[in-house]
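Each of the next two complexes has chain A plus one other chain: chain B in the first, chain C in the second.
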Partner chain A sequence: MYGWEMLSFNIHDGFLEAIVRGNRSGLLTAADYNNLCQCENLDDIKMHLTATEYGPYLQNEPSPLHTTTIVEKCTLKLVDEYKHMLCQANEPLSTFLQYITYGHMIDNVVLIVTGTLHERDVNELLEKCHPLGMFDSIASLAVAQNMRELYRLVLVDTPLAPYFSECITSEDLDDMNIEIMRNTLYKAYLEDFYKFCQKLGGATAEIMCDLLSFEADRRAVNITINSIGTELTRDDRRKLYSNFGLLYPYGHEELAVCEDVDQVRGVMEKYPPYQAIFSRISYGESQMLDKAFYEEEVRRLCLSFEQQFHYAVFFAYIRLREQEIRNLMWISECVAQNQKNRVHDSVVFIF
Partner chain B sequence: SSPAIPRLAPCEPRTHLAVSSLPHRTRLVFPNQPPFLIQPRSDARTEIVQEGAAEMSTSWGSALTHISPYTFAAIGIAVSIGVSVLGAAWGIFITGSSLIGAAIKAPRITSKNLIREIATSLKAICVIFCEAVAIYGVIVAIILQTKLESVPTSQMYAAESLRAGYAIFASGLIVGFANLVCGVCVGIIGSSCALSDAQNSSLFVKILVIEIFGSALGLFGVIVGIIMSSQATWPAKA
Partner chain C sequence: MGVFDRLPPMDHLRSEKMCYVQLIIPAECSRIAVTYLGELGLLQFKDLNEDKSPFQRIFVNQVKRCAEMSRKLRFFSDQINKAGVKSSVIPALQPDIDLEELEAKLGEYEHELLEMNTNSDKLQQTYNELLEFKLVLTKAGGILASSHNHAASAERELDENIYDKEVDEGNSYLLEQGVHQGSHGNSGVRFVSGIILKSKALSFERMLFRATRGNMLFNQAPAGEPVTDPISGRENCFCSFLSGEQAKAKILKICDSFGASCYPVPEEMVKQRQIFHEVSARLSDLEVTLDAGIQHRNRALESVGSQLWRWTIMVKKEKAVYDTLNMLNFDVTKKCLVGEGWCPIFAKSQIKECLQRATLHSNSQVGTIFHEMDTIDSPPTYFRTDKFTNAFQEIVDAYGVARYQEANPAVYSVVTFPFLFAVMFGDWGHGICLLIGALILILREKKLSSQKLGSFMEMAFGGRYVILLMAIFSIYCGLIYNEFFSVPFHIFGKSAYECREKTCSDAHTAGLIKVRDPYPFGVDPSWRGSRSELPFLNSLKMKMSILMGVAQMNLGIILSYFDAKFHGNALDIRYQFIPQMIFLNSLFGYLALLILIKWCSGSQADLYHVMIYMFLDPAGDLGENQLFWGQKELQILLLLLALVAVPWMLFPKPFILKRLHKERFQGHTYRFLGTSEMDPDSEPDSARARRDDFNFSEVFVHQMIHSIEFVLGAVSNTASYLRLWALSLAHSELSTVFYEKLLLLAWGYDSFIVKLAGFVVFAFATAFILLGMESLSAFLHALRLHWVEFMNKFYHGDGYKFKPFSFALLADDED
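Presenting the complex of A and B:
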């Protein structure tokens, strides 16, 4: 029953919740971002970051830095914190923490399969994979020729196995099919995660279901906008939308027939939470839409910290760290390419 | 010749068989008997009815008033300490797990100021409030057990004795359950206090005030319990 989890939450998960909240206080603030945006080159960035919590990870890097190194070391910090929490977690928190990484697993699978399709070396691809989404047999993904083999050889032993029921076909893998496969897997993953959170009940269910609904709706809008003008049919598009969220089912019906961004805007403005987002970007522009969605996501994630005794703080913390790493990557790229006037185009402040 | 066969309802007492030489009035209670019973059988159960005990009209009423008041008093004392300690333990684990996790990131060892150092050790105050709840339970249990006195058997079911026994029972129950909820309340607030103090140290004193209000709940229980138990007077030895 909602409200009584205060009595028993701390038995198993109190320590980890306190740790995750302590970690959250180490996220970079607006002042830090302002300092970073004023840096002249990557060594300045490294110097500023050494004064924050990223210090131990960056201070031993040799001087000609690349942006990928900075991003890699910051991701390493996130992975260390995640593993520290995962090894101390009990059920059901440990299952919850693992669910958070399945999205990265899907991205890694698609990365390797696409890379193999374009004749890249497997080791090079493995280095580009996100460390949170690694699993043991990932290297053997390069061997598979079509989806059935992919499933049978590799994925049946991973946690992604149940998500494949909708996309096992014997077609050969090509770019279009891989994208459809990625979105189908992600749809199944989101629905599975949603059901799992609802089963947990209480404050976790309420907050996580809200966050996941936003994610599902955002993906629906992105799928729609990205598939405008491609050969994806309307039925295929409709099959990629998740079956929960604010837009389900009527919004999905309308989104499936949209042919340009303004029609999408017309559909979304019927829903008050999304109307606020779309009102901030002017007509005909879709580049700022990504940033507007990120800002809304960060706002919701920060709100989840206002409540105690639930698991959504773990999900929110990992997502906020990922957003911070995206910010750092953008800032580093702008500084490295000497385009500092574009820095504020895509940095989302968390505090 | 045998006496006339009286028509008796089952379980009706055969009062002319009462043996007045016994110190207590003996009532023979029969299990379901056919109505033509003539004389008592050896399997009749004898119920000792104490002089002066309340004659209740229901069997539940009889059952309750025939439980010794010392049973109630002892259970009250047990509940007072047992459930208070349960509440205190509950509160301490709720606060303690959050406090330890939060202290990893915010150890606050950087200041050399003495007042600041004393203030940092005050974080343990959250746990001390929970512990106070257990101490209330111990104190009341000790007070209650000094209220137990022996009364002679003839007085054991007198109304005065029952009143004293019930008073001690109620007092123990009051203190026990008030401290249970107080301990849980202070524990949850202490957990939030620990987490928010780790982020912003000016919040500590503000949340401490809320905890003080929470721990007043246990104090209310103790006060009412002590008042209840002060009227637990057993009958004087006649």
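Presenting the complex of A and C:
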């Protein structure tokens, strides 16, 4: 029923849409970032942030502050907002909201598994996990020795279980395996999310599919660049790309055979939306690519607020907040380590 | 118009005269000066450092210190609330302390408290562990004992090759295995016992089952007493399980990840008992220590608590002072602080006195300079209100804060608002109820103002004087309508009407006859219940509404005259006020006149007809609808006047504005060219700013909108006043229904219970529907009549409020 959402959307989701739009107006602006970039120490940052919506979360922190505390508290705010929305949400919005966290779940699983592989303390690892991607038995991931156990012991109960069907092997876990597992899971997750959004239909499908396609394409590029020079075969690499997006299928064929960054660039420049991203980066450079992709993502996420009566605003809001927290982390790190000239390297202005 | 000129100045109508002032304060006495100004609370500082972020300002370190102190204070109050310590506030027992001392003191207290907390947390943790151990010992001991018996019997049964079907198949199988191993090795059945959160127990069991591939037995029992866990604080559940093989390591890992704490339980009963006694002894020891620690902490908190409130206020004030100081600028020499802001003119001497005092107290060599400045910003609006007029001012401010020195509708609202409310709510019985409510609020004013109220109560309390006036006017209008819970009374003498004969049998068919002078005040009680009651009251209330509407709208337009005169705007008087007056009064003023004439003369003329045919057929014969001589000619004249008034208010003003602008602009250029040595900067800022922003089409469209709004508004606003009639009718009909259909119906029965029930329902209906909802709706309609119909005639409402830097307001904000 494309175009008719406005008749019925507000019955169940109008309140939350209002909430999320209200929250969006609390995002830090370029003026805020400029001020933050001029801070001399972390206390200044705290002081500035207490004047924003982060105020209640930071004002009770005692004075010698660490970057991790700032990031932790800011994330806490995001989590609180997310939980509030999840509590109020009806079907299918609640499922949609849960889908948003699966990405974090995958990251957390990978984090714990890699951590235990390197004999790190589980509690220490748990602290590093993103709170949005927590599930009940996450700590018992440390028990598992191989993929099969991982799946059978822990992940069966989680929403990630269906994504696992591709990577159940009895091989012992090692770094390479885990990385492949992460990407396979992510691929399955993105495809599932994509299908779910298409099923929702309407403006949600239109905008979300666009956003997810971008995400898939970005992952494809990242996988390609990261796998250059590793023992990953072309076919394996090809398998990790999600089966949708602008690059699918011809772009994937070409990406699968790329041997260096410039070849990737050659592939991507055939696609007009990505041409702009690559044209800003000089040849042979891949560090700035992340930032360029983030900027493009933020631009697209912001645009999703221009339409009404769809769910993509929730996705966009949470992503924007995460970007904001990344920005804050970067700024705080730069300020804390006296590297202020590098502040602008990785900060993506949202507004 | 000469009459108006001689009127005394209307101070209440306009906001206070403000002036823009500059303060140059020597740095050494700036803090004291600003503190004194905060106590005075009559100066609004302007932020001169708006472009600077908070941490780049001058007094950022002091602000940080204050924020740190208030954080500590919040920590204390948090701790006090958590500990549930109640401490009496001892005001002014201790001498005033310095901020530096306070800071040191707070740091000390915090350190002490934190240390105590960590100590008691540690103790608590050991205590909990022991308690858990104790629980595990008892419960696991029980389970072990029963499983031993069970195992023994199972073994016996096994020997006889009979499986006990009643026991779970898996269980017995497992036990059998364990027993067999037990017979081979010395301790084949290993077990791990521990304690886990109840909510996690289920998934824990499932996880264990999966991890051991089902080769285990899980037993659980609820822990009897709740363990007060410092982290989760929830009731714990006890579990114990048996397992074979060396899956123990795996299981311990899972326990760890689930946050289950494991305790070793010896198998032999003797050892168990021994450990149990040991644990119990240590537990009682710890309890004593814990209690002592808590008491010590509570004493410390109490001593903090008695001062907490005072300290909080102090820190808040200090922070406000530094926040204000941050709005000031250093002058070039860095020795003085320069501040700018608004203050009412009457307060200038007070401020000066304040600053002198500050100079004296800080032993400063140089005095503070305080002088007026020119500015192009429009000044803030400041009305001096008291607790009585405040609510009315709030009602007006909710629509929009008055422009600087604009006529303030709140002055008239004090009377017109409750009156219009009462017209809709006229019933002196309900009025008395409302009056009692308002009086209760007012008499308990002192007590109520100090405590926190619910949102609704707070609203009612804030508007208590409004409610008081509304109640008094309701009683007045109720007396006019002669309704007391919809029952008429013969208060002012006898009814003018009587039955034709003694039996009164034809009262409802032939009607009554008039026997004496009209009823002296209000509506004759005999109308009540008669066949013509509604037509009579409707006609009365409808006409009354129109009269009141026309009067109030005229008042609005007249206020626009005073505004224009005050601001010396002859253009508005000539091309806006006069045509508006003419237009409104030639149509609806005339209608009001007709109503009055009809009432005085007792004529039967049909006013609808008169008004409609005044437009449709102005020259036609009025026939029996003629009320006075020369009516037809007057009507034609009025119609012509109304027709002329529309273009009059539409066209001249924009054209004249355009001409004026052009003249000024041209004149200026000539002069500028002629006298080349004249300094171009000498002209005032305001003139320069206004020079280039004249846009004729915009002005014209604006004027057109304004005119159309007025012309259409004249009709629709008059019609809007009919809501007075409609709501009054609804109110009286509703109360009649409750009275007749509830109270009288119930009274008709003999049973006491029915009567009581009827009365109770009547009372509740009256209280909630009539007094609650009806009064609210009448309030809203009165509000609308003021905001829309009255205020759109003259009120701009685009000013901003005067917000002085004041400690008193600061305290209000926080509470």
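Here is the rule we go by: the second predicted complex is superposed on the first by the 351 of 351 C-alpha atoms of A that agree within 3 Å, B and C clash if a C-alpha of one lies under 4 Å from a C-alpha of the other, contacts with A are read in each partner's own complex, and residues count from 1 in each chain.
Note that a contact is a pair of C-beta atoms (placed from the backbone, for glycine too) under 8 Å apart; a residue touches a chain by one contact, two chains touch by 3 or more.
Note that this is a predicted model, so its numbers are computed, not measured.
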For A:157, decide between first (touching chain B), second (touching chain C), both and neither.
second
The chain contacting more residues of chain A, comparing chain B with chain C, is C
Answer with first, second, both or neither: which of chain B and chain C does A:21 touch in the superposed model?
first
Taking the superposition as given, does A:87 touch the first partner, chain B, the second, chain C, both, or neither?
neither
Chain B versus chain C as contact partner of A:44, first or second or both or neither
second
Touching A:6 in the superposition: chain B (first), chain C (second), both, neither?
first
Report the residues of chain C in contact with chain A in the complex, numbered from low to high.
53-56, 60, 63-64, 67-68, 71, 74-75, 200, 203, 206-207, 210-211, 250, 253-254, 256-259
Of all residues in chain A, which touch chain C in the complex?
35, 38-40, 43-44, 47-48, 50-51, 59-63, 122, 136-137, 139-143, 152-154, 156-157
Once bound in the complex, which stretches of chain B touch chain A?
90, 93-94, 97-102, 104-106, 184, 188, 191-192, 194-195, 198-199
Of chain A, residues touching chain B in the complex
6-7, 10-11, 14-19, 21-23, 25-26, 308
